[in-house]
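Before I ask anything, here is the structure I am working with.
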Amino acid sequence: MSNEKSFEQRVRDSFEKQSFMKTIGAELTSVQQGYVEVRLPANSGLLQQNGFVHAGAVSAIADTAAGYAAMTLLPQLADVLTVEFKINLLSPARGEYLVARGKVIRSGKQLSVSSVDVFAISGGEEKCVATLLATIAHRS
Amino acid sequence: MSNEKSFEQRVRDSFEKQSFMKTIGAELTSVQQGYVEVRLPANSGLLQQNGFVHAGAVSAIADTAAGYAAMTLLPQLADVLTVEFKINLLSPARGEYLVARGKVIRSGKQLSVSSVDVFAISGGEEKCVATLLATIAHRS
Amino acid sequence: MSNEKSFEQRVRDSFEKQSFMKTIGAELTSVQQGYVEVRLPANSGLLQQNGFVHAGAVSAIADTAAGYAAMTLLPQLADVLTVEFKINLLSPARGEYLVARGKVIRSGKQLSVSSVDVFAISGGEEKCVATLLATIAHRS
Amino acid sequence: MSNEKSFEQRVRDSFEKQSFMKTIGAELTSVQQGYVEVRLPANSGLLQQNGFVHAGAVSAIADTAAGYAAMTLLPQLADVLTVEFKINLLSPARGEYLVARGKVIRSGKQLSVSSVDVFAISGGEEKCVATLLATIAHRS
């Protein structure tokens, strides 16, 4: 009998421990090899001064998607820690909800690099509102 | 009788409109020309999977400090919008609270550049846990 | 009779004025709407201490591709100026030559955002060695 | 008799191997613990379309200063490799020469973070024209 968890289970267990994701209302909506999606309803507690979703909230889900996308390609027990990221806010983040779609573009021994696009969904239409590039460290 | 507001009042009024700062519990603790400080108690709803403050929450206060530092140097009615930022997470963000200290390093006609250091305070000691470099657009 | 130049001609004329591209031996190999390609033979004067192409030379062609991709979507006479960029060096840049492929991901009124992948070509095989994300200002 | 080299000698030996620094005419002007300075005469082969020093040349000396500043704090035989950097071009880079001043802001086990300011010197006056933030990997 194996104690091994699937990469999806490891990501879901770790996400559950992130109290900040609960605070903002984010959900993990897809976990595949090298790809993770995080969904955030654009609720009224997440806004900046003009009524758009705050860059910090956009960054939070994008960073989470970046890190967990990296984790899906790592061995059991390996954790991930964001070293740094850069985000361009392309358009005001408004709509019913946001979706951050993160994919790994390099998975090395000690570091991964992930790229994430964040989309705002409004009336069934998607618009890319931000793009993030992150460097993730592996911890065992 | 003038309707002019001081730069400090303009920043404080705008900060009040950011529901996300209330949601995470952030306060504006200093507003000077070219300099803004935002304080964030490290409460239990802001954490990532290892119990450190989430990079998204760290980014949120750093981005806010960056933008409002830029606003202090702009004329009446000008608003600020983050174009992009890059953040390096230097050490785990843990302690009683965080302080983001943002200063303007270039204030141009259409764009400002701000630099922010984020410190974790624990038992009266400060440690720099993150540094952010942001490009801010001016909107009139 | 019109004095108007095609976007391709404008980009090619501007590239000709960049003495640094001549110094390193870079060539403009494709100019399309929203897309520019710059090719750099990996000659022996471009290396860092381990014999890979220097990150500065990789950045130079990536930045040039980013800016000119933005220029292809702008009106006559508009010039471009890099505000900032971030580059991840994914793998050692070695091979016969490098190709930087830049595309615009947002073309606004005052700013563009371009994304560039740099590939190393060796024995007919391509490998992505760097990715860059740049913010470009428009000047008239 | 020891074979140990001082950190300064290690940095100078490595710099000598960078053919790209010779090609652009850069010199290593100061090597201290946690600090490195690189000087670049603004010669006519380094320019972009408006006659300013090309962002790629600015980045090249800034990246070199970042990496070698990190190396000064590492043990014998450790080499450095840039993982990523972000640079803001604050003002047109023109003058007699540029100086990149890099200092380490975090020196970890596997990674360092360096911050670099680049100044343009003209008629004895200095102006900060760019600021760079880099993540450096250690290789043994």
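By letter and in written order, the chains are A, B, C and D; residue numbering begins at 1 in each of them.
Assume contacts are C-beta pairs under 8 Å (C-beta built on N, C-alpha and C of every residue); 3 or more make two chains touch, one makes a residue touch a chain.
All values derive from a computational prediction rather than experimental measurement.
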Out of curiosity, which chains are bumping into both subunit B and subunit C?
A, D
Measuring between Cα centroids, what's the chain most distant from subunit C?
B
Please work out which of B-D and A-D is bridged by more C-beta pairs in contact, and write that pair.
B-D
Subunit C and subunit D have mean C-alpha positions lying a whole-number Å distance apart equal to 22
For subunit B paired with subunit D, centre-to-centre distance based on mean C-alpha positions, whole Å
29
Between subunit D and subunit A, distance of the C-alpha-averaged centres to the nearest whole Å
33
Any chance you could list the residues of subunit A touching two or more other chains?
83-84, 86, 88, 113, 135
Subunit A to subunit B touching residues, read off their complex
14-15, 17-24, 44-50, 53-57, 59-61, 63-64, 79, 81-89
Once bound in the complex, which stretches of subunit A touch subunit D?
83-84, 86, 110-111, 113, 135, 137
Partner subunit C, residues of subunit A touching it in the complex
86, 88, 90-91, 105-106, 113, 115, 128, 131, 133, 135
